[in-house]
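The following block contains the structure, expressed as structure tokens.
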Amino acid sequence: MNVPAISIRGLQKYYGTYHALRSIDLTVKRGERIVVCGPSGSGKSTMIRCINRLEEHDGGTINVLGTELDDNIGNIDEIRREVGMVFQHFNLFPHMTVLENCTLAPMLVRKTPLAEAEALAMRYLEKVRIPDQADKYPGQLSGGQQQRVAIARSLCMKPEILLFDEPTSALDPEMISEVLDVMTSLASEGMTMICVTHEMGFARKVADRVIFMDRGEIVEQGSPEEFFTAPKTDRGAQFLSQVLGH
Amino acid sequence: MNVPAISIRGLQKYYGTYHALRSIDLTVKRGERIVVCGPSGSGKSTMIRCINRLEEHDGGTINVLGTELDDNIGNIDEIRREVGMVFQHFNLFPHMTVLENCTLAPMLVRKTPLAEAEALAMRYLEKVRIPDQADKYPGQLSGGQQQRVAIARSLCMKPEILLFDEPTSALDPEMISEVLDVMTSLASEGMTMICVTHEMGFARKVADRVIFMDRGEIVEQGSPEEFFTAPKTDRGAQFLSQVLGH
Amino acid sequence: MMTLLQHQKSRNALLQILYVGVLLALVVTAALTARHNLQAQGILSGWSFLWKSTGWDMTFSLLPTSSSDPYWWFLLMGVLNTLFLGIIGLAFATLVGGLVGLARVSENKAARLLGTIYLEIFRNIPLIVQVFFWYALANRLPSPRQAIEAGGALLSNRGIYLPGLNIAGWSVAAGFLALAIGSALLLWLSLARRFRRVAPALRRRRASTVALVTLGTLMVLFFLGHAPDSPLLTLPELKGLNIRGGYRIQPEIYALAFAIAIYGGAYIGEIVRGGFIAVGRGQTEAAKALGLSEWQSFTRIRLPLAVRAMLPILTNQYVWLIKATTLGIVVGFADFFMVVASAITHSGQTLELIGILMAGFLIINFSLAAVMNRINRAIALKGHQNRS
Amino acid sequence: ASETLKTVQERGALNCPGHTGSYLGFAEVDDKGNWKGLDVDLCRAVATAIFGDPSSLKIIPLSWAQRWPSLQSGDVDIIIKASGGTLSRDTELGLQFSSSYYLGTTKVMAHKELGLESLADADGGTICIPAGASQERQVASYAERLGITLETVAIEKTEELEDAYFSGRCDLYAQWGPVLAIARSISDNPDDHVLLPDVLAVEPEVMIVRQGDDEWLDIANWTLSVLLFAEQEGITSENVDEMKANPPSNEVGKMLGATPGMGTPLGLSDDWAYNVIKKVGNYSEIFQRSLGQDSPYKMPRDLTALWNAGGVLFPFVID
Amino acid sequence: MTAIDTGPVPLGPTQLRRLRRDYFSSPVSTLISVLCFGLLLSIGWVLFDWGVLRATFAAEARQPECQAAGGACWSVIANRWRLIFFGLYPYEEQWRSALACVAVIVTMVLSCIPVFWTGKRLTAVWALGFLTFYVLMKGGMLGLLLVREEQWGGLALTLFIFVATAIIGMPLAIAFALLRNSTLPWIAKTTGAVIDAVRSLPLISILFTFAIVLPFVLPDFVLQEKLYRVIAGSALFFAAYQAEIIRGGMQGVAKGQDEAAMSLGIPYRHRVARILLPQAFRNALPATINQFVITFMETSLVVIVGFFELLSSANAAFGTSDWTFAFVEVYVFVAFLYFIFVFGLSRYGAYLERRMATGQR
């Protein structure tokens, strides 16, 4: 159990000739909660998408739960099973009910029997406080509800690690707090989490570490108090002034 | 010249079974500047759209510049020529340059020769302070510039009355002031104006009268000082507290 | 009068009356002129010809016809032939289109290249030229005596002969019915919303029950329809001038169906591609992130969503393909249009027959569109789809 | 006077059917895009009779299925398109026939390798027939008479139809005699095909007009008569001027317009027959260049010869 | 394996890697690649062998020579190409037919250039092109010999039918679209019924009706010439489809546009002509090109109602005793002609679609 949850070494990523990630090094311990922030285009999404290989990386190594991510397809499938991801735009399956969205992967991937999968799904739907929406279709829910379904869907796979990519930025202000609440309660249960977000209140409350990225590099990292009160770099200070001033 | 610019009596408007305007009475003198406000859905847009018959009314009479708006088609065309309208979403013609947007109606409706129409258009574009954008297409302008083109376009028809439907609410904060400036200078030239807006600063500065609508009725009207300092009705007071608190 | 024209409501009413009136007047004048012209030439008009015997024979029909059958029967058979060819054509065009569309969205560049070449060639040559070409090719297969044999099937310029069951016609028909019901039931079991929540094992058990019962019914039907002392299976073989036994598909039919499938497939391929592109990348990524395999994400997420995006356009394409069966006339396949055309030359009842032709196609195509729209409604995504 | 004649004269051209593609020997198109063939020349003769000029003719390409509707609707003024006279065409379609300009029999050709003696041996065979033509009915009734079943392949376009037969799609090919003979003569290997002795029908090919305009039919009939009469009297396009100058008989003189009376009753000019012979030729000339010795097909006249040469054609009397 | 060491900045995917990703990313993918290339190569070879290697090109060659060579017999094209291109047009005048085709093609090319995309300019280009075509083909003036419509044929006739269909059909389509979008329910519904009915009928049956039935139901003085009747039918069919395309384009024009124009006092006809239609057409452009492509191909159906257009002349080209055997070559040639036109048009449509997609971003 002393293998780190994630360990990234010298990660390089190109889009064509554009150098999107420049030698990223990052180690995440089990149970650690990390918030990633930084200006738009700084490579935050790209980094966490590399972690469950929605993007292929071009150099360096990524090691998740002791397994290295390489061209071996078996490895990828294994890792994706253990790493959940919540997208900014939810990406629910619109042709399935909320319940079906949640039971699909456990049944297909983990071969959980239907009844068990449904029980599990209902448990997580309760955890995100929308058990009553189980039989609706995603199109019939509000944005906040949809995002909570997306979280529940990830949880149903019982992942070791949960990645969030700006999970609240597509939401209306009232709905943001609903979703943040759910995330906070997840965090309190000790799940390993990496969360790209600009919700500084949330970061202060739950993050063990804040990572600040700019132009494809990790510029600064540290505890939330450190980062928010006394950023070590100018770039960080400037970014903070913008975000907080807004 | 003692005919009022607009005189509305017992105006009724239904959308299907929904009663959108309930017995509106309103008289606007020539040169008067009126600001209309009220909560969303109270019928503000509907009322001013009735004035140039973008909506047909179902009861009562509307008399604009001495001509009654009824089913007579000639009357409608005549009145639309004399009443300009500026929309929330500008509604510029995207396939024409700014100059063409401005010269189109004078040339087609008033049969103004091209050279004259262009001279006129340039005069009004100067008035709204964007003569240098004349050859661009609307898509190449910022929101504030677009709205100013829309105002110039209306002015080119030399209307007696200008209607504004929330002309600033689709704009970014910096651009609002640009447009309000232009409107203020128009107001100072003595044009008859009815303006739906929640810009209370503007209302205080230019309005001769503020009209407060709720649920399809005119609940309260009076001078801006009266209305803003001591609203006569509870509904008005409540609305003001929200708007100013925001 | 002027004031009436200025008045909006009355003007609107007037305009509408005028418009509809002019259209009606046109139709009525046409009808009257036609009647006058026909009478002047002593051409008998009316519908009585429908009950006369034709005196010629149909080249192909699903149910028996002879030269002593009346016109209405021939016309009906023509409609059946059109539907028959249409269904075959649609099915194969969909299959081809699916393959081409998949090739065109595939990750594999070679497949994409092949798909593109296919598309550009077959979409850009008029269907009628393709029909001529395939028919000429079909006619160049060897004669029955030199027929190519492939696993009991014979390939010759008289058609493709498949081994067949030696059973009576009615039991074949009943067999098809049973098969249709069985597969419809299976489809319903696997797709219907109400069975979604049933455990997969139970679903599989139900499905296999249905399949077994259908198979059993088929066996019984075949047994009943089979003459007691003849072999059950007949292989096509040369007898006299022709190949006898087994089932035969005439060159006219398969050339036409082939052309329609190839040409329609190119168009449907583009629709399929559009459908898959319309599925947001987000859905696919979500499926990956959940650990679904390529195949699972294809069958459970991408395909169902793509089908929903394709269906409305596909309806148009299907209507269009049904209409393409009218090219039967150039290779002598007795589709509805050709039967009508022949009937016109033999009976001279031009106007009546053209009327029947139009009515027939209106009914066929409106029903097709109605069915497709019904399916589309049934599988439409619920709620607002403002996010992808 | 004739309604149709008036329409035609107003239009300045005779509308006559051609073919979509070609109908060898009867209507085909040469390298330069000109129509030629027996039917086309007969159209020219009628046009010349009316206008004195064979180019006052519009050949309207028509498919078989369109013949009758086109005539009935007035798109064409006359059908000369290898069409036979039948009862139903006369009575049900409201048509009217001229006397016959060609006597064709419907016969059947078969691939030699099948070794057929007659159609009776062909039970179960496949037969190619032209769609929408009278052969469709003739085959059906002949097969019924023999008590055999034939599978039919009916195609409208002759090219497609013959391709179907020669490529072996059909064992048999039922067609109007001359077309059949031509098809065989130009096939890859004429000896591979035999004409069966069966005569399914005898079909007199006629010019067809709409019912109710007898004067118009007269013009068609007399044009044909003149062509045959000229052949009978040895008048050709070569010697017609000479003949007109010194008519060997009263009849010839009258026909060529040397003595008046030939045109007026028909509503035509008196020298119309002269023009026809001069510019189109007599029947024999037409036949020889379209089907006979001067054509690639080298068909004999057979039944289509004049009465005095063993055939069945004859002119009416010009008096 | 991916652990390309983090030295100095490594290059992006190399050629080799891209090749592997594109063609051989998995065993299945490799199999597919091999199959696809095998298929392409073998078909390509067969065609090349038949069409070039063993083909006969000499104009003097006839059936025996061709069959001896065993490949395609392009001699038929060498001998009969004028028939295919010009049909029954008088031999000495065929240069006119050729010029007329050029005029139409130039018109089509011109109207693909964005400079000409205003209502007026497009109309001018097409009217001028069409007029040139018509005068050249028909003659009877400017010292040209009169050539009547029934002598037109081949490619020129195909182009004529196509262009005439578009010129008549387009205004009709606009009218249909406007009527169907009318606020007056009866007009909208009746038009809708007409459009839907026409769309559900096969084009052949419409052509057949216009060629054969119309003379019965129309008084004598209208549409005497069958060619024009058939064009009318084909235009009606085109209009029904195009009307729906334009209507789709109209739906993409915001309602505010019309309201803005109304509030400026601009009358209906100008609102339609200056505001609604220009925007609707811009939205509907790709679909419109597609419709043109299909219409061009469908002109080939007039062969069934007896016209001497491209396909018919092709039939006539092998419909003579010398060439009956060589119909495959003729069909291939004609297919190639169609392909050139249609492929050009559809590539252009695809280009437009891409251009507009980037414009929207």
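Per-chain residue numbering starts at 1, and chain names A, B, C, D and E are given in the order in which the chains are listed.
Everything that follows uses one rule, which is that a residue touches a chain if its C-beta (ideal position, glycine included) is under 8 Å from a C-beta of that chain, and two chains touch if they have at least 3 such contacts.
Labels paired with UniProt names: A, B = Amino acid ABC transporter ATP-binding protein; C = ABC transporter permease subunit; E = Amino acid ABC transporter permease.
Quantities reported herein were computed from a predicted structural model and do not represent experimental measurements.
Among the chains in view, E has its Cα centre nearest the centre of the complete protein Cα set.
Fitting subunit A to subunit B on C-alpha positions gives a rotation angle of 175 degrees, to the nearest 5. In terms of C-beta pairs in contact, C-D outnumbers the other of D-E and C-D.
With centres defined by CA atoms alone, the chain at the far end from subunit B is D. As a whole-number value, the distance joining the C-alpha centres of subunit C and subunit D reads 42 Å. One simple way to say how far apart two chains are is to compare their mean CA positions; for subunit B and subunit D this gives 82 Å. With centres taken as mean Cα positions, subunit C sits 58 Å from subunit B.
For the pair subunit B and subunit E, the distance between C-alpha centroids works out to 49 Å.
Within subunit D, contacts with two or more other chains are made by residues 69, 72-73, 157, 163. Along subunit C, residues 37, 132, 136, 329-330, 341, 344, 350 each make contact with two or more other chains.
Counting partner chains per residue, subunit E shows two or more touched chains at residues 212-213, 216, 303-304, 327.
The part of subunit C that touches subunit D in the complex is made up of residues 37, 40-44, 49, 55-57, 59, 67, 132, 135-136, 138-140, 142-143, 157-158, 239-242, 244, 251-252, 329-332, 334, 338, 341-342, 344-348, 350. By the touch rule above, subunit E contacts subunit C in their complex via residues 21-23, 25, 29, 32-33, 36-37, 39-40, 179, 184-187, 190, 194, 197, 199-205, 208-209, 212-213, 216-219, 293, 297-298, 300-301, 303-304, 311, 327-328, 331, 334-335, 338-339, 342-343, 346.
The touching residues of subunit C, counted against subunit B in their complex, run 3, 6-11. Note for the complex: subunit D touches subunit E at residues 13, 20-22, 24, 28-35, 58-63, 66, 69-70, 72-75, 157-159, 162-163, 182, 186, 188, 296-297.
Those residues of subunit B lying in contact with subunit C across their complex are 71-74, 76.
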